[in-house]
Amino acid sequence: MEEVLFFIAAIGALGGAIGVIAMRNPFYSVLALIVHLFSLAALFLLLTSAFVAAAQVVVYAGAVMVLYVFVVAYVGGGGESAWEPIPGQRFLAPLLGIALFIELAVAVLSSSLLALGEDGPHVQAGFGDPAAIGRLLLEKFLLPFEASSILLLLAAVGAIVLASNRRQENA
Amino acid sequence: MSATAWAWLVLLFPLLGSIVIGVGFHALPQKVAGIIGTVSIALAFACGIGALLSLLGEDPEARHHASSLWDYASVAGLDIKLGIFVDPLSVFMVLIVTGVSTLIHLYSYGYMQSDEGYHRFFSYLNFFVFSMLLLVLAGNFVLLTVGWAFVGFASYALISFWYRRETATRAGMKAFVINVVGDIGLVLAAFLIFRELGSFDYGTVFEKAPEVFTTNEWTITAICLLLLVGAFAKSAQLPLHTWLPDAMEGPTPVSSLIHAATMVTAGVYLIARTHVLFELAPTAADIAAFVGLATLLVAATMALVMTDLKRAIAYSTMSQIGYMIMGVSIGAYSAGMFHLMTHAFFKALLFMAAGSIIAAMANDQNIDRMSGFGKAMRFTSITFVCGALALAAFPGTSGFFSKDEILAFAEARGGMYLIFTVLGYVGALMTAIYSFRLVFRVLPGRPCKEAQELIDTGHVAHEAPKNPATGEPEDTDVGFPGPEHHIAEQSLPMRVAMGVLAVLALVGGLIQIPGVDDVVTKFLDPVWEGSPLAAIEPTLGEDYTGLGIGGVIALLGIGIAYVLYVRRPELPRRLEQRLRPLHTLFANKWYFDEAIDFLVVRPALAIGRFANRTFERFVVDGLVNGTAETVRGAGGVVRAVQSGFVRSYALLLIAGFAGLALYFLLSSS
Amino acid sequence: MSSAILWAPLAFGLLGLFLPQKAVGWWAVLGTAVTLGLAIVAAVGFDTGSSAMQYAVDEPWISGLGVDYSLGIDGLNLFLILLTAVLWVGGVAFAAFREQERAKSFFFLMLVAETATLGAFLAQDLLLFVLFFDLMLVPFYFLFGAWGHDRSGEGGITASAATLKMIVYTLIGSLLMLVAAIATAVLAADGGHLTFSLAALNEHGLGEGSQRWIFWFFAAAFLVKMPAFMLHGWMPDAYRAAPLPALIVFSGVLAKVGAYGFLRVVLPLFPDATVEFQEVILMIALASILYGSVMAFTQTNVRLIAGYSSVAQLGFITAGIFALQADGSDGAVLQMVNHGLVVAPLFVVVALLLERTGTEDISEMGGLALRAPVLAALFLIVVLATLAMPGSANFIGEFYILNGLFEAKIVFAFVAISGVAMSAYYALRLYQQTMHNRKPEGLLSREIGLRDGLILVPLVLCIVGLALYPQVVLERTAPSVAQTVAKVRQNEPPESRLASMSLEEKAEVESGALKIVP
Amino acid sequence: MSIDWFIVLSALLFATGALGILLRRSPMVILLCLELMLNAGNLALVAFSRMVGNGQGQVFAVIVMVIAACEVVVGLGLIVAIFRRRIPLNVDDLRELRG
Amino acid sequence: MNFNEPHLDYAGISPLIALTVGICVVLLSAVFKPTKRWAPGLTTIALAATAGLLIWQWDDPKTLITGALRLDDLAISISLISILTAGFCVVLSLRERATEEAGSGEYHSLLLGSVLGMVLLAQATNLVSFFVALETLSIPLYILCATNLRREGSLESGLKYLIVGSIGSATLLYGMAFLYGGTGATNFAGIADGIARNGLDGDPLILIGIAMAAVGLAFKTSIAPFHQWTPDVYQGAPTPITAFMAVATKAAAFAVFLRFFDVALGSQLDDWQPALAALAAISIVVGNVGALGQDSLKRMLGYSGVAQAGYMLGGVVVLSESGTSSLVFYLAAYAFMNLAAFAVIVGRERETIFGDDIRAVRGLGTERPLLAWPLTISMLALAGLPATAGFIGKLYLIEALVEGDYTWLAVFIAIGTMISLAYYLRVVAAMWMRPETEVASGARPVIAGASPEADPVDPDAGSRWYIVGPALLAAAVTVFFGIIPQPLVEFASHAGAALFG
């Protein structure tokens, strides 16, 4: 059962990813990414990480993707021309992609770490649920937590700086 | 006063004279400069006499002294002092040098009177005398080299005295460079001596040499050969002689003093001085003797055909020095030195007379154009004849005794050395012929235009001076005054100088007549103490046979010259045509200049050109520029990769990662 | 004392920045004169017979890195310091007599250069030496580049390009030297206390393997600086670009730092490598002698004649050092001083010729002696010293060098000496073509002025003085040199040492009085 | 399901994201691809977290999400700014800076 | 399930608090009209306070917030360098076009945010805080680069930086995931333990993790071949930001580079050392040859930064106390040398029409000696000539390299330096050795800078105190530490001792 779910989710994630890079129209790419994200959330659930899965759906598929959709709608999603101005890019990029995958896969599969080949240890109930994660966030990872909040603030400021129409305002 | 003190004074006066005249060239009136120059040399001569007397007052065995002023450069085991060595040989040389120099200064006093560079001339001349005396008195091989080089430089300065004349400057350069080659020989010899004997000092070296070296060992042979390089360069022996004829570009007193009487005999002195070494290396000594012989013959042939008056005399100088070198190399030390002395007298005289004549010819030196000066310039002619007689070894003159003594010694030594006697006489015959060739071509006959003018008006109305070699007008800013002051008849100092020398040339030989007296030999004998060669003495019979043969040959030579140049003046031309190749060879100076040009000068210039045009540009600069270009090319590559496409940056980043990851995977265990 | 000598020029230079443009030249002259005075005082108080470091200063500077501020004077550098002080007075005075653009910067840089150069000579800490060695270039970079001559119109390159070439070229060696110097200290410390002090490094010694590459790094720096054959590519352009006052000191002193470096650093610190590579360096030296000479007699630009002749002369000096004999090195030190003393006035004369004729090409000059006999005479003395006329101190220098070489490697000596003959030709040619021969139309000939005389005459007097009494240098140099050379020789195999011994020494060895310590 | 499946999948996603960046010219799509890469990292983190049995990886993943969101926000802001300047939204046209 | 409140050492985190408060205050000041002009002042105060608080913690190492951070002398010294650079940046940003475009408050708060990221990064001892800090450093910089909104180049640089930077971050993250997976720990020490415990020495999983982490860090420190953003972004960004970025980013990234590779990955030294050394060598070559012939000074400095990063990476490669100290020393020296140059560029860019083109400094020697001298000193120092801090820095680095048996890398540094002379001295030559430019200020020929979005020319910009002051100060310090380096050496040796002592 788990295997089936995994493969379904995996195909969804991978299909979504391929969709992102294959779609001509950015709008469809965004949609493909949403598929990808939901599939990922499913995978997270398979890994008994309920909180992460939830956050994935809420934060990403919810908030971030909405932002994307808006921006795509704002700037318009024109297709790209098929002409490749960089010599060799078309040829080298897939090559490198494959190489990257093989290297990473080899690293994982040839590792002497036995746990990799297993399903993972038995975990207590509550592993990965909001309470556990929340505790970790406020105890051990308090600093990253706080820092990321400041980062969010800064990013918001940045977005305003970049996207606000100050120029016309000043003029 | 001790002999060494006198010797220091001998050195001091010419140096002072040179400096005073040189520094005070603006302030001193011309006459004063001339007087200072002459007097300082005369004082040196007087001090030389002082040294002589001082030496004579001592035991013959103790007649050698060393003295030094200060440590010149003595560290690291090299002990070089500013030291002199006084013994009969050096005093003998001092006397000749200062004596003849005094007369020549006197001559120059008149001769150079209207020259622009009068001060300069006397300063140089005094400096030359100083250098020569330093060479003679030096107490070690380093100081010897110093004197040796100073002399070379003085010679350079005086040859190119009229420095806007390019033939003169070129000749000066030639002389200097060849002299430097000689210096190098000396320096290398000094190194070898130091390496083997651990000292540069004459005293130590001569004392130790017989203990350290075995006869004909390669080192001592090498030392002697290197010394010979020095000697040959300075004494114009084959093949390093080519500078001497060119040196005639200098003013005539210079030719007279330096290139006849003193400097060129330095090689003879050197061999005599280092005879201890040469006796240990008989091979080297023989080589020297053969070179001397060759030079004497070759130079004589050239002198036979030269049409340039001064150059002809110059070749005769070479030839005579060949005798001396031959003499001192085979062991006839005293005889060699004696010939050196007499040669100084008559050769200086000949040049002086020639200078007078050339002046009358408005610097034209071609004997083909001269004739009839016997009537025009009586005093000059008489002295010229005196000189020529001595040179031709006319019986009774100084050259007669000195030359024959060398040949007699060779005969007495016997064996192989008989060759020297025989060929020496051949040379003597040629000597007589060429010396009287000059006399007969110049003095008798119908006066040429200039001579006639002299007879008519007492002076020559000369045109603007021209360089006889190139024909271009001279730059009179630096000299070349009118001839009237050059003519011996018209200047008392010149006449005095020539007169004294004429007398000496005629009678100078009388101090050493076999069986009658032997002043020179007796005085010099302590120097060759312990030398087996010096002990060889021709018997009286041999001596007189030699003298007899010599006299006959001299007369024969003069006779031939008379026939050729007076009785049948058309004969030389016919001979010339008959012996065309030989004449061409002689007239072209045996092609020595050409050979040197071909073997040394041209390759050097070709290498220089190659270095300059090719090597420097393509290799040295090419290396730099090539590196720079490579680096710049690499920069171009980097800039090309930096294409501005962000996706290409991403590509490189990922490629870099892939590479790095690959490395790590490969290195993982 | 050492510190005073070192910093005096810089102090004057800095103060000079606050003076009006007009006065700054004379102020700089004063500064160099004071430095000279201090150097003379040091020389007078110098203990002649000793090889020990005198007037030593030793303070920690960067203690974390083991670098000390360590100065001192001994026989090796005493006269080089004097030479530096003398030539800088000459060069600066020469410039002060003439109008200079941006005078303040010019003289400031000149004085900085003096401090840097003195520093290189005085430093007794390896790193301090490297530092000053590199620092020397900086002021000259500006002097050459900003006040230099643009030769792009006559087939050459611009001053800034020439000076860039020079600095890149010379720094190639210097930077490698920096690495090598650090490696020396680190390897010598071997985990212990790190120090760059030459005295301490002297005692430690390095393994043969590391000596080898370190030796070449140092050699590269020094050979480029000299410059040696094949590494002289920067020289022609830089010499042609350089402003003459700067060139006077540059040619006179800077090349010597390279040679000095061999004596001060390479021989004592890397004795095994020195012995091992002796012949290679000698080959380079010989090539420099021959090539420099050949080039010198084909050039017609006076600067290049002097430049290439320096290549040859420095070849002699290197050969002397690498004879690895006491006399060779003694001669080398003497010759460094001599060469500085001749090449500087040579460039003064070049400057005067340029002012008179407007050209630097000897084929366009000639016949100047007539109206300028004093100048000609002074020039002649310089030229004769250049060609190592016997009787000059240069002769003694070369004599010692060649004698050393003769004892060590006789074949090299024979080849090297041919350079002497060539030097006679090119030096005399330089004199003849300018002073003698026909005077080209329209050429002005003028006697040397009083002010230039004040520069040239003392320099010539130095030449003459040394010619009369070279012992003054030799006797002070010898103890230090003996120590340096002994350091190298003690690592030689016994038989080769025996071969190069003098007669007395050999006798002593045979009699057992002297033992060869392997 | 053994953990290495998850990891290999994440590697595949990572490579896909990288490939997208290399091939696509719209800055928007490139941003999406960056998301893919970060998500691949997240998947690996969560998988490893499951494997080692502690929640640290999950916390990391959550924080990465926040950061990814920040990047997106800034990226989109830039895209808007560029759009405003009427520069074509094509990264290949942004090459004033090069060489 | 009880909640264990983490212990907070408020003294230790006081610098962070100061910065955070600073960010908020500066942001708030932008809201009200009268306080809008206060932003630079407030920023300076925040920076000064942070610096003061950091110095207060000097020589008192402690671990903060449940092992997320470690405040030791390495962190402090690096933070101080970053803060100093930020301070210079604030001064140079006065009257900068970008601050007006972005709004002074926003601009400065972003700057402070980036500084916060740096301070955090220098202290990070945990993968999560490491990653967060790195992003806190980077994201504000992406924005700041683009703040000169009217210039296409500025936007371009921002986007490029963002894209490539995010790839770097993603790679780093993935690597961290592997390391976490292999060891089950996120704190550095735990990673080291995990490797040992799980017997993962030289395991591909760990090694790939290291490789990916190295790539991420190499990207931040501009190590070739991950450097390509550097010249473009340096050139496109507003010059004060470039100055800040060039020094501070590098400093912070090197700090974590050192800490991460020492504490977490020290046991894998044999595996990563040669790789990093190779990267250093490549950087040296690429950076130096790339800088040749660049006409844009900022771009040239960008390439030179690549090369300098290569030199500095040597300090990481040897992984020793002296390596660390030398790296910190070099960073400090590098800060001053670079700032002097950038100050001059800022001034010239505002007063000439040539922007940051090398033509802008032609004849500077006579025109504005007070700017020419700092730039000259800066160039000489970057080239490593003596009597500047640059020389001592190189000396220190080389010493560390030789001690660490990486002499060949030292030789590479020497060779790189030789090449670098060609472009550094080109600038010097332009200032002193060419005829002066005949700039008629105000005239706008149709060349670079004449496009409508070009910044207006301020003919006196080069003489304003906030240009000349920083330039002179930085140059003076460069020379000072070149002659009396001992204080800085001691400062740096504390940093080394913090990690290895």
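Before moving on, here are some points about what is shown:
Letters A, B, C, D and E name the chains as they come in the text, with residue numbers starting at 1 for each one.
Everything below uses one rule, namely that contacts are C-beta pairs under 8 Å (C-beta built on N, C-alpha and C of every residue); 3 or more make two chains touch, one makes a residue touch a chain.
Note that the structure is a prediction, hence the values are computed from the model and not measured.
Considering the contact criterion stated above, the chains in touch with chain B and with chain D alike are A, E. Path length between chain C and chain D in the touching-chain graph (shortest route): 2. Centroid analysis (C-alpha atoms only) places B farthest from chain A. When chain pairs are compared by their number of contacting C-beta pairs, A-D comes first. Distance from the chain C centre to the chain E centre is 43 Å, each centre being the mean of its Cα atoms. Chain A and chain E have centres, each the mean of its CA atoms, that are 30 Å apart.
Rounded to a whole number, the gap between the C-alpha centres of chain A and chain B is 101 angstrom.
Chain B and chain E have CA centres that are 78 Å apart. Contacts with at least two other chains are made by residues 85-86, 89, 92-93, 96, 100, 103-104, 106-108, 110, 116, 140-141, 144, 148, 151, 154-155, 158, 160-162 of chain A.
Listed for chain D are residues 7, 14, 17-18, 21-23, 25, 47, 49, 51-53, 56, 59, 63, 67, 70-71, 74, 77-79, 81, 91-92, 94-99, each touching two or more other chains. Shown for chain C are the residues that touch two or more other chains, of which there are none. Contact between chains, per the stated criterion, is found for A-B, A-D, A-E, B-C, B-D, B-E, C-E, D-E.
Against chain A, the residues of chain D that register as touching in their complex are 1-9, 11-20, 22-26, 28-29, 31-33, 35-36, 39, 42-43, 46-47, 49-53, 55-56, 58-59, 61-63, 65-74, 76-81, 83-84, 89-90, 92.
Those residues of chain E that touch chain D in the shared complex are 127-128, 131-132, 135, 139, 142-143, 146, 149-150, 152-153, 155-160, 162-163, 166-167, 169-171, 173-174, 176-178, 180-181, 183-186, 231-233, 235-236, 294, 299. If you check the complex, the residues on chain B that touch chain D are 639, 642-647, 650-651, 654.
Against chain A, in their complex, chain E makes its touches with residues 1, 3-6, 20, 23, 27, 64-69, 100-103, 106-107, 109-110, 113, 116, 120, 126, 128-129, 131-133, 135-136, 139-140, 142-143, 146-147, 149-150, 158, 174, 178, 181-182, 198-200, 203-205, 207-208. In the complex of the two chains, the chain A residues touching chain D come out as 2-3, 6, 10, 13-14, 17-18, 20-21, 23, 26, 29-30, 33, 36-37, 40, 43-44, 46-49, 51-52, 55-56, 59-60, 63-64, 67-68, 71-72, 74-75, 77-78, 80, 85-86, 89-90, 92-94, 96-98, 100-101, 104-105, 108-109, 115-121, 123, 127-128, 132-133, 136-137, 140-141, 144-145, 148, 151-152, 154-156, 158-163, 165.
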